[in-house]
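Same chain, two partners: chain A is paired with chain B first, then with chain C.
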Partner chain A sequence: MSFSYGPGDHESEKASNSYLMSLIALIAGLPLPIINLLATGIFYLVNRKSSYFVRWHCTQALLSQFSMLPLNSVAFWWTLSIVFGSEGITNNYVAYIILVLLFNSTEFVATIYTAIQTRKGIHIEWFFYGSITNLICKTKK
Partner chain B sequence: MDSQKVDMFIIANSKYFESHQVIQVRDKLLQMDDSKWGIVQTLQFKDPTISLIVSLVAGSLGIDRFLIGDTGLGIGKLLTCGGLGLWAIIDWFLIMEATREKNMDNLQRIL
Partner chain C sequence: MKKVITQGLVGLTIFLSSWVLLNQIDWIDLLEIDKATAKTEIKIGELYWDVFKSNEVENKDAFVNKTIDSLVVKICSRNKIDREHIKVHILNKEEVNAFALPNGHLIIYSGLILASDNPEELSGIIGHELAHIELNHVMRKLINEIGLSVLISMTTGNGSTEIISQTAKLLSSSAFDRDLEKEADLKAVDYLINSKIDTEPFANFLYKLYTKENELQEALSWVSTHPILKERATYILEYSASKKTTIPEMILAPQSWKELQEKLN
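For the complex of A and B:
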């Protein structure tokens, strides 16, 4: 995917950092699913006056984390209710956990790949998220 | 101002500024009056690498923010134990840029 202009080195570094930080926050915040969303959200707020390329990638990182929150929260609290409550492990639970793991690992790999490519100044638009980001993120405020 | 002096300044101090700001700094220094050269030479810039190291080691106490002159943010960070660790993590990625921005502000105050 090509971007409307060629980003400078300082822009690609910041854009790449938004993905890297979401990874670090994800690992540091385990097993709580909200930490990475908060971290990416604050990073977005700090960079909201940056250049278009940086804002665009911060928004995409934020949206990806935002969609993970409900999925991971349900998995987290369902697991807690099984560990501490009276509920047992059902087929539904196992199926859901497999789905969550697949979704998370796909997102994890995609984030790493995007962080690497963005650092080189290559613009990566994710399926679905890229389109929403294009709608949210405007060139001029 | 003499372009040779400006180039010497850029060679010695370019790491303290964002890459896209260096050209701007050079242009401004060239337009600057010779009488300000002494003040520019005495300016002390903060090293972004040092602030990153401080942020990694003592970020949760807000020392990195104190170091670059953001006392208010530093106190906020100190009182919240690095924003419960979250702010400290975010600052690992922001502090180098923040340091360079502060250096640029310092220089612009004189120019």
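For the complex of A and C:
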């Protein structure tokens, strides 16, 4: 996927870091699903006045974290209600947890891949998130 | 914008259809979750029974046990209840009480047997407690009240004896919620009908306890733990009337019932 201009090395590094932030926070913040969103959000705010390439990738990383938040939160509270509450383990629950794990793993792999590629200055647009990012993130005139 | 909506809908469809597809697999069976739960229940049942066994006196009289067992066997055999799973314990205690513990332990106090005027009344209460066991109310109540984490810690030996004793009281002296009580009552009526046992004495027994409630509140724990007796007696009668019943059979010879009462007095 081509970008409107070739990013410089410092831009590629920052853009790549926006994905790495979510990964590091994901590992540090487990099992709380909010930590990675917060970390990516802070990184986005810090870099919101950076160059277009950096902003674009910070936004894509943030959006992906936003969509994972409700999925992971449901999994988190559902699990708590089973462990501490009156809910029992059902097929529905197991199916949901497997699905959430699959989505998280896919997102994890995609994040690592994108972090590597953006570090090389290669622009990666994700399915759905890339399209929203294109709508939100505009070049400064 | 159109592209975003289309891709969003595709993503949502993939998520929901994957969930539906994954739901088709019987994970509970595949991951043997039921077996693990059953093991936990066996262990918890033993822990609680140990509390009652060490604090109360179990009636070991062969006649008493055989007679009560005959009632339990009758209800179980006609309702496809696994008799081997039900472990009946009669405790010598004046309290009018009966309750179920995890893993099919059914505790009956001698006070309840003495307070019953006939074996049909007693069968109604036994049926009610068997229904709690069969409908898995006991474990549900425990999980609800103390949580799965505490229960699991109890089975791994990390639970304190204090917690076990406290929660044992919870099982013997507090009611299930109203819906579960009603479910157990109606199930008990089904059990009695299938066993050709008259259902009216069951309702009568509750009504009798209701009228005695004020006089004997202290002694009748089954009353205080099973509220709304009058209402329950009414819906039991109504439910029984709505069911097609056959002519009830005699479940115990009057002489045996008399002897049972005498042995416990």
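The rule we apply is simple: the second predicted complex is superposed on the first by the 140 of 141 C-alpha atoms of A that agree within 3 Å, B and C clash if a C-alpha of one lies under 4 Å from a C-alpha of the other, contacts with A are read in each partner's own complex, and residues count from 1 in each chain.
The rule is short, and it goes like this: a residue touches a chain if its C-beta (ideal position, glycine included) is under 8 Å from a C-beta of that chain, and two chains touch if they have at least 3 such contacts.
In this text, all values refer to a predicted model and were calculated from it rather than measured experimentally.
Superimposing the complexes on chain A yields a three-chain arrangement in which chain B and chain C fit side by side. By the touch criterion stated above, A:I124 is placed in contact with neither chain B nor chain C.
In the superposition on chain A, contact is made by A:I82 with chain C only, not with chain B. By the touch criterion defined above, A:A61 reaches neither chain B nor chain C.
Judged by the touch definition given at the top, the superposed model places A:L38 against chain B, while chain C stays out of reach. Of the two partners chain B and chain C, more residues of chain A are touched by C.
After overlaying the two complexes on the shared chain, residue contacts for A:L20 are found with chain B alone; chain C is out of touch. For the combined model, the angle formed at the CA centre of chain A by lines to the CA centres of chain B and chain C equals 130 degrees after rounding to the nearest 10.
For the overlaid pair of complexes, the smallest distance between C-alpha atoms of chain B and those of chain C rounds to 28 Å.
Chain A uses no single residue to touch chain B in one structure and chain C in the other. Residues of chain B that touch chain A in their complex: 18-20, 85-87, 89-90, 92-94, 97. Touching chain C in their complex are the following residues of chain A: 82-86, 88-92, 94-96, 98-99, 102-103, 127-128, 131-132, 135.
If you check the complex, the residues on chain A that touch chain B are 8-10, 14, 17, 20-21, 24-25, 28-29, 35, 38-39, 42-43, 46.
Those residues of chain C that touch chain A in the complex are listed here as 1, 3-4, 7-8, 10-11, 15, 18-19, 22-23, 25-28, 31, 33, 37, 140, 143-144, 147-149.
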